[in-house]
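Consider the two complexes below, in which subunit A is the common component and subunit B and subunit C are the respective partners.
So, the complex of A and B:
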């Protein structure tokens, strides 16, 4: 049976089990007598073992089996030691590495060392990526055929596999050792080895086996690229699938209804049919989004482990709370959230909490948006210190700093180049600053808010759309073309009088709510001709890198829900384009990423 | 120096047959053992270059003797002697470190080829 199509499913599910194991281990560590937790842990290990064994992933299955045995002892005692938890966590890490091996189509690494009781360090050593093959090693495809008359062909093939393994590294083998051991008539062997020997040398090794009737050694054919990548999989309830079938049925009926109404020029019937179609499509849209929705749990699940490890490393005492993990978000958004979340937590541990404290990650729904917050009760941030630092770094002028509100001063930490070398620690100094977090959130059409009270803690709040595939946009006109801006990026739209525009240096500005905002022309950004300004000017107020700006456009064309399509190569290389969409009348409209556009402009201006 | 072989088989007839084949090929017989227990003792005493090991023997079986020897000397070169129908046991032996195997009824060329190969 071809198991390859189950691989993606296996990987997804095994990772879910691993995450559960990590979370359970961290909670059991806090409460070592948690009998039901230990039982649950045992069941998780058991599931992984069973899945791996049925897929033929022997090392993973062996390790699952080992962990199961290991846990059984503590299950009987009803409690567990902290050394055992460390060992189990190391085991979880090792399974994770094995899954990576399988994902990358490498042979699984050996778990023998781990299971024979070598200290956990050995397991981490094994996690190191394999050294690159020495330059003079190459991959060879070896195929061997046994004579019909050979006695005990399976045992003979086994000897040949052992022989192959002495020539170099055996990468894969068909049939595998396990399959041969199961018995049956096999007389052919196809294997791939990594060796420093030449094809001819390998061939001659098998020519003195009279049992072998044919030897073929060649360089392996390159696998067609792209075919090997496994798409992400998602599990869908059958109930949801039934609803899809139901909706499809209704759509078909609707089509006949429309066709007959059109044939009879029955305008009333046509209108009814279209109304019905609109309802069906809306329903379908809603259901399709359901398929893409996943509980936030799938990314927050790994956080307790992260916090535990970081707390240990920094010697801080940290209580970690998770709230609202059942809230669902589009899987594409969730995937992009992993790194930002980890970074915010690292930040909280490094800079927020001094010695001991609490970090809370909570999620909740707010109308059609999802809020995700990382809060700590640590030292908080001092707006004045941030202002001073930004001025020192030359990111803002001292005049700007003076008029800046406290809230805006806090957002300064998201400016590229704000984070300093003195702040870089082992925990959060990974070259990722809050600017990257903010950019990631905004790329998803979300917004990041930071608020903080000195001595009272800091809160990072992410406001996220439910789905990335369908977003609400503001359509604006520029030089007789239509472009779209994600509504999440639009703070306000207004029309101003020409005489409201002032100049400050070279920059044109206008006063809005007692604030002077710079005016930037969309035509100028896009390199389009700039006509004389009319009396009334349309302005979109947006926020770029924590600063409000006024974007001048030719006019507004309303709001629309659009289905965002990613741009094909090479158009996707253009900065400032967030995607494209096709309007009902067939027009193609680009969705602009204002921040990306301005960054490009700033860079080319430098 | 010609290779020194330890022949392990509970049947005198088989031992003699193998002895003739090896001597004919110019090898030296280090010694003989008639069961698995004796095999280990003789191996320790004689340190041969090669062992031919029958599978079904009294006291300790060939596979057990193989394991015993491999524990003491992981470099030991052991060739199993099997009959048709013992394939799964041969595979077990190979998994446990046997280098190769020969199948009864023995043919001189086959034995010489296999033994020559594993000693190469």
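So, the complex of A and C:
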């Protein structure tokens, strides 16, 4: 039986079990007499063992079995030692490495050493995938090119494929034998083989063939880490599937109604049918989006372990709380949140908390948005120190620093090139962080707020849309064209009088709530012609890199909920475009990422 | 035999293999594509999918030629893109095995080779190179041309 199609499912489920094990271990560590926790841990190890065995992943199954045995001892005692917890966590790490091996199509690494009681350190060291897996066989990428003059290249290629298969196990081949047999223009062959031979040996095998003009043998490019390469899988409740089937049935009935009404030229029937169709489609749409929703737990689940390890490494005493883990978000958003969350927690441990303290990650719904907060009760940040630092780094002028409010000064830590850490630590690196966090949040259409009180902790609050597929936008006119801005980026829209505009150096500014905001013309950003300013000017107030700006547009065309299409590669590389949408009347409108566009302009030296 | 879809750019005849073409669209309504390099003319709606329109004459250095109302949609899964060209020509059936094809080794002109077909020179477009060129255009800030268009 071909198990490969179940691999992705296995990996997803096994990772979920591992995450639960980590979380359980961390909580048991704080309460070693937690008998039901130890029981739950035992069941998780048992599940992993069973799944791995049925997939034929022997090393993983052996390790699962070992952990189960190991736990059984403590289960009988009803308590566990902290040494045992360290060992179990190392075991969890080792399973994680085994999953990585399986994901990358490498043979599983051996667990014999671990199970025979070698120090747990060995397992964690192995975690980084090694360039050459410790195995007799390695994977090689072979590409062959036939001479132009070769007659019947297809037949030649088939011979070469046969030859490749004698050297080792042929893993894949482009074009495949079937494709070659079907005919067509082929003079090039790319294949991957698993073999005991060295690259040079494989190469020399083919250099003897006169029809081959070029041979290239290399180690395959490392797959990007993580499980992004595999098509992600979701588990869907049968109840939801039943609703889909019900809806499909209704849609089919609806189609017959419409067909017969059209046949009889029954306009009233057609109208009713269309109304019904509109309702069904809306319902279907809602249900489909539901499939994409996942509890936030799927990313916060790994945090307790992270905090424990970091606390131990830095010698700090940290209490970690998770609240609102049942809140659901679009899986695409959740996937993008993992790194920012880890980063904020590292920051809190490294720079926020001096010796001991509490970190709380909480999520809650606020109307149609989800709030996610990372809070610590540590030292907090001093706005004056941040202002001084930003001026020293040349990020803002001292005049700007003087008028800057405390809240805005806190947001300065998100400027690229800003780092307050006086030394580089193992935990949070070189301070390349908060700008990346902010960019990631904004890419999702969210907003990052930072507030902090010296001596009283720091809070990072993320305001996120429920879904990336459907967002609310503000449609604006510019040079007789329509573009859209995500509503989460719009703080306010207003009309100002031309005489309210002042100039400060080269920059046009206007006063808004006793604050001078720079005016930036959307036409200028888009490279469109700029006419003489009219008496009334439409302005969108937005926040860019922690600073409020007024974006000048020609006019507003209302708000709309739109379904966002991502752009095809390579157009998705363009900075400043956040996808497109087709309006009801067929018009295509693009969603602008103002910050991305301004950064692009700055970099191209304008 | 291989079917080719030839098209004109200035005085030169180019061609794509028909297997690389999904369809030819006519009179598609062109929509404003903001913040894109100049080699993109617009965006069009092809069966509900938003696709960018590449100004092939401009990219290959024929800025002054007129653009046809008919545009070429490339096969979606490889390279979803619409190409604007000067003028499409009737399909050609060519035996590429026996035709005299001069391979092109110049790295950057997006031509795979030049085919001598009944005395006509036809340049075969190299989509891989074209893709690389567009990737470069899209990842350089502002593109290697100017930042944005002023018309359309």
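As a working rule, the second predicted complex is superposed on the first by the 473 of 606 C-alpha atoms of A that agree within 3 Å, B and C clash if a C-alpha of one lies under 4 Å from a C-alpha of the other, contacts with A are read in each partner's own complex, and residues count from 1 in each chain.
Note that a contact is a pair of C-beta atoms (placed from the backbone, for glycine too) under 8 Å apart; a residue touches a chain by one contact, two chains touch by 3 or more.
Model, not experiment: these values are computed from the prediction.
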item	value
Touching partner for A:159 - first (subunit B), second (subunit C), both, neither	first
Residue contacts with subunit A in the superposition, subunit B compared against subunit C	C
Which of subunit B and subunit C A:245 touches, first, second, both or neither	neither
Contacts of A:399 with subunit B and subunit C, given as first, second, both or neither	neither
Which of subunit B and subunit C A:180 touches, first, second, both or neither	first
Partner chain(s) touched by A:577 [first = subunit B, second = subunit C, both, neither]	second
First, second, both or neither for A:568, with subunit B first and subunit C second	second
Which of subunit B and subunit C A:481 touches, first, second, both or neither	second
Residues of subunit A contacting subunit B in one complex and subunit C in the other	none
Interface residues, subunit C side, partner subunit A - complex	2, 19, 29, 31-37, 40, 43-45, 48-52, 80-81, 96, 101, 103, 131, 134-135, 138-142, 146-150
Complex contact set, residues of subunit A against subunit B	151-152, 154-155, 158-159, 162, 180-181, 183, 208-210
Contact set on subunit A toward subunit C in their complex	148, 184-185, 481-483, 525-529, 565, 567-568, 570-571, 573-577, 580-582, 586-590, 592, 597, 599-601, 603-604, 606
Touching residues on subunit B, where the partner in the complex is subunit A	82, 84, 86-88, 90-91, 94-95, 99-101, 103, 109-110, 113, 117, 120
